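Which chain is which? They are A, B, C and D, in the order written, and residues in each are numbered from 1.
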């Protein structure tokens, strides 16, 4: 029986496979309802409160549209037996994400990709039990698609490449929920010009501009939404608060055993899958709210700042031209103002490579976007588009130094700042392109 | 200095009052980020994960647009000194909402309207401290607007009437986030035809159709979104789970003191404002996740059902024609299937009066919508619109009986059901209009 | 080979039938590019400059989506051999429309439905030549669908009923181009709940609210867009100008033979299909612009008013309560002001029956909208929806009396007007619901 | 009294100046209702049937929003006395456009900019009469703004620069009506970050990305909509048909005096303003329809092709690398197939410079876009944006050779074509970036 989900981005999402339907109903997948898609970005874009649950449904939906279209139109080039596999991989590609994944992983050594694989392949999970209904080796196949090891490059590229179901959904979804118009692109068109080829996926020449627009939209979303200084301020706060808790745990584990029991296995570095699945945004925030009343001034202060959104301020600096320890002068002033700079200053760098062609010598070579010409030739995208050429192979983003807001009242401190940018101690200011 | 919020519904929300800006930054207001606007509806409409924070900002925005427009265009009829008061009341009208308010209030005797008043008027809160900066009696004035006691009916009606800033924002916002197109109406037009009159607010005849459309949209949102059977199923589960926890607390308070400390004051009926403000969706869900492992089979089962979204099923019945105890036959069958009907069956009724004119004899008379004719006469809306006339004074909605899904496999049980509706034991089936 | 049309309403319109593609390329169909969809409405809603060409493509698109969906999902209930027939009828249903059809038909006795049939069945046309490629009797079959005579009621209802491809496209399209939000409804949903039944088309209960919303949207578009007083003013001007030209032709045919040759066969009442196809909006307007310099003061004045949009003004009156000749007092005053009331006053009535159930005794019984319940029963829509019940069987609209704007400066004239409504000479004013 | 226009792009356009309102009601402005904004593009994008009337209203609307905002927020930098002047110039900037302006001007030596000036300054027009009500020199001032000669650069730049009210409206409007999503950008944001400076207009740094997005959107609209090969095919047909008519007029003027009287002054090269204003799309198409029956085979054939949209086909070629007369081999083959290559082949080049900074040595130096940094410095846009840098100073577009469709069946002809591109006779094919 068909199930229909009303989705603001794709209008309706239809599920007519009982396997997909059962996967959605598992505890592991339902858990994604409790994890925000954009982490701390909702502190900047208050509309962006959507969850990984919505996003994963959306990726499934796009994958389903593509596989249905391929099955109908490319009987020779595409094997319809790959449909369910592709759709399952799409649905589950992020199932291992946890609360505030990136910050958390840095501090506690977890790895959401490994967890994704474990949720899919461990016999303990509901997800695995459903997948095994298809065939005993099906869980492993799904996991291999997500880890790029599956033999059919078409399937792998649909789930993970420079233009895949994952990215297409998150750009549209994040644009919708933040209200940023820049993220819009012509999904319908892109889906109509996709072609399965021998070595993967290509796009007909007639849709090149839609692909071009997608790359530009992605670039703009990175520059304006994902790299926003305020969201990164919240990430710095989060990172510092968790680091302080970790430090305090070593001294006084009992407090945390009572106030934040689900974090203990992580403090103790003996966590397992079950422990991991217990954490979500609500659990973490509940603990942070408890910590607001901890005796340790730094922990309670950082927790209060995080929960009540008291932002650290920041300035940009040029990571290439800056000399070693040049920022120490600022940390010193922060320290003199009574703040421990270990917890009250921080550097946050965000860089992205918007697009690149395949570079075999690269450590992580990218699958390039291929355009299918009328005579059957495949040409790499940046060869045809000057707009894309300008974004190819160049990294964009910036590095920021965070500090307490009160510092902006200190002229000793602000004399190092011009147009929100650090002035080198020798008086040089670089123009920093975002 | 002006602050700008990107909002998907209103595009940009501009804040240029330092009072409003400071109110947004209070702990009490930031807390609204942790409470979903639609409670359990996001289990049905996965996109509807927006919070009361977004909604309150939106209501402020509409109030600001109206008061700016009135100040510019109606210097005689509108007093610009009311602008800030109106905007503060708009921003704070829901500040006392808690997690799952309606269900929670039924069980624990709290009252979010009283809490709203307390947050505004208690000297303990950050909100109150900001409001007092305006004048010592300003908190009281803001509270009186929200409680309809303020002397100027224009201000009161802008915040609370059958067509107010609150409703206009939530309809548009809930429509945007659920993806339901029905909730759309022409806000721009309505704001252009609003007129302050001696006794309140009226709408120019030229905008009557926009007002009409707003009423119809509201009706449709109630029928299709707010009254959705699946969301109500989650509400029943929530209510039963909390009732079970309350029951168990009486027997074993220690377990709850450790696992769910912030609920204890409510179990003990000695809660205060501070206790109330500690609860939010994340805290509640954290507790429910803990309860999934409680020894009590009923509590753990209900908590698991709630967290993992295992819905109870339901049928409609006609509350007017049904005879006393007629549904007992179903409860009996549920009981025979091994479920305690106290916790595994439930009745959920949802009714709404889409619009009504002023009825002085009514217990809660409504402020009717007035249309301003070209010659200055005011005419009540339903006198001019046959569409509205059909919705005036009539209640819409239905009553549902909830039960475990497995019952649908029992023919003894399903013989009482036809088209999702209860067949009376004497064989009569009523057609139930939604 | 597939052709794709970018369409602002449906995003992309795909044509993969060579017959459909060839029909679009015919002279008769291309001619629809030169005829505005909404006639004089673009003088009120300047954005609504879209043509019948766009609309006809859109109707084809909806019909194609439905027939594709039926073919895939209802192999027993729907015969896929009807697909091409349905799509051709959809595309061509309005091919006989001419410039300003309604006004023109009233004056010159043409009939766009008869012309549609003739274009389809006459061996002189390109359209007919294409259709005959399918089979010799195919043109006749297409024509019979459009005239409701085709044997399969499913096909007939898809093209023409109270909820058909034609209406669904024009509501969405006219809403898009006028900018009226009211015309929006959930087309995707409606298309998913359509079911072919033995006697026609029904809609699953789960989509009832979408159907309800469609009916309400249609009602609102009639009240606010199609019946707008300014567009009707232009229609009155058009009608009067053509009537004057007809009158003058009788006296001086030579002038018109030179200045407006394509109209001569109509003045002479000996027109044929070829003559008819020569007329379009541009040709008519070219003639009107020529007439602006005619010696006859009335013709040149009316033509100038039409071309330069000098509106007649109007008031509403109640056609039921008004007494015979009661408006003569106004015409008399117009005459006294120096205007020939035959050409400078006019009555324009617009009424619509938003929805009705099947009334066998009616002269033109309507195909009612059937809702398919879970147990297979069909129930007529208004039985289930109070909102629709209020619109069922009742006529909405109004009658207006048009006159020169200058009359509003005459107090003898304006004393008969209150709130844009005629006050009966005995002082009674009726409230007129729109 | 305020007038409100419903506009699909800007929602509502409010007119509260009686001068603006009277200008809209003039014959010269109403005439713009009869001229399509995008000329032959509606033959490619059937939705794009909007007129210059809508566009001009839209430009006025944007200018009004800016001047209102400047008046309110920049009392020192902006002189509110410029408001009406700016708005009038915005409304009238295109009032001299004629039917198919670009093609027509090439053949008949007219100049729509000169006509715009004449309509504004000639005492014969209704527009001039209204403008003189403001002051005797007001028409001249309005004209000088449009011709960039007005002393205040702020006003000039609002109407005409690389980011002006004109461009902002046409991009949004053309995107809306074609259905091309690429044309969207964040108008609201841009209007909020505009700042009047000493030498013109600048944009706050915080809105740089919105400006960047506007430039990219403009580029994409040029590449995908304005330079579309099919629309240019119609332009070639139009140009050839008018050239043939001009040629035939020399031999047989009487035919044209009867069939196409309003064109005679242009064939005779003695046209005046009155003649010019008589031409519009409808008049031209009426003449073309008449010409379909002309005895001259070439004229009747081209007119038929134009009216019934029988496109010429085309290939791209590289105008830089191609050798002189290299395309003659194709023209020769066209000639051998029985077509006069003078009328059945044509070259159409479309190139655009998406953005450039100010180059004093350039023949037509551009007003560069200035970004206002926090410390008050102005920086040219491409210095801050790598995306814009890639588009700065480089020309984009292509050249196409048009020919009869039937040639594609001739292998002698098609051997010169690969991927829609001309292969040089020495076998070289260049990759042509669009």
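Just so we're on the same page, contacts are C-beta pairs under 8 Å (C-beta built on N, C-alpha and C of every residue); 3 or more make two chains touch, one makes a residue touch a chain.
These numbers were taken from a predicted model, which means no experiment stands behind them.
Higher C-beta contact count, C-D or B-C?
C-D
Count the residue numbers both chain A and chain B use at their shared interface, divide by all numbers used there, and answer same if that is over half, different if under half.
Same; most numbers are used by both chain A and chain B.
Express in whole angstrom the distance between the two chain centres, defined as the mean CA positions of chain B and chain C.
Here the centre of chain C sits 43 Å away from the centre of chain B.
Averaged over CA atoms, how far is the centre of chain C from the centre of chain D? Could you give it in whole Å?
33
Going by the touch rule set out above, which residues of chain D reach two or more other chains?
In chain D, residues 11 touch at least two other chains, as defined above.
Of all residues in chain B, which touch chain D in the complex?
Per the touch definition, chain B meets chain D at residues 4, 11-12, 188-189, 192.
Provide the residue numbers of chain D that touch chain A in the complex, in ascending order.
181-182, 184-186, 205, 209, 212-213, 216, 219-220, 223-224, 373-375, 377, 379, 383-387, 389-391, 394, 396, 418-420, 431, 433-434
In their shared complex, at which residues does chain B touch chain A?
On the chain B side, the touching residues are 5-9, 11, 25-27, 30, 33-34, 42-43, 45-47, 49-51, 53-54, 57, 176-180, 258, 278, 280-283, 285-286, 289, 307-310.
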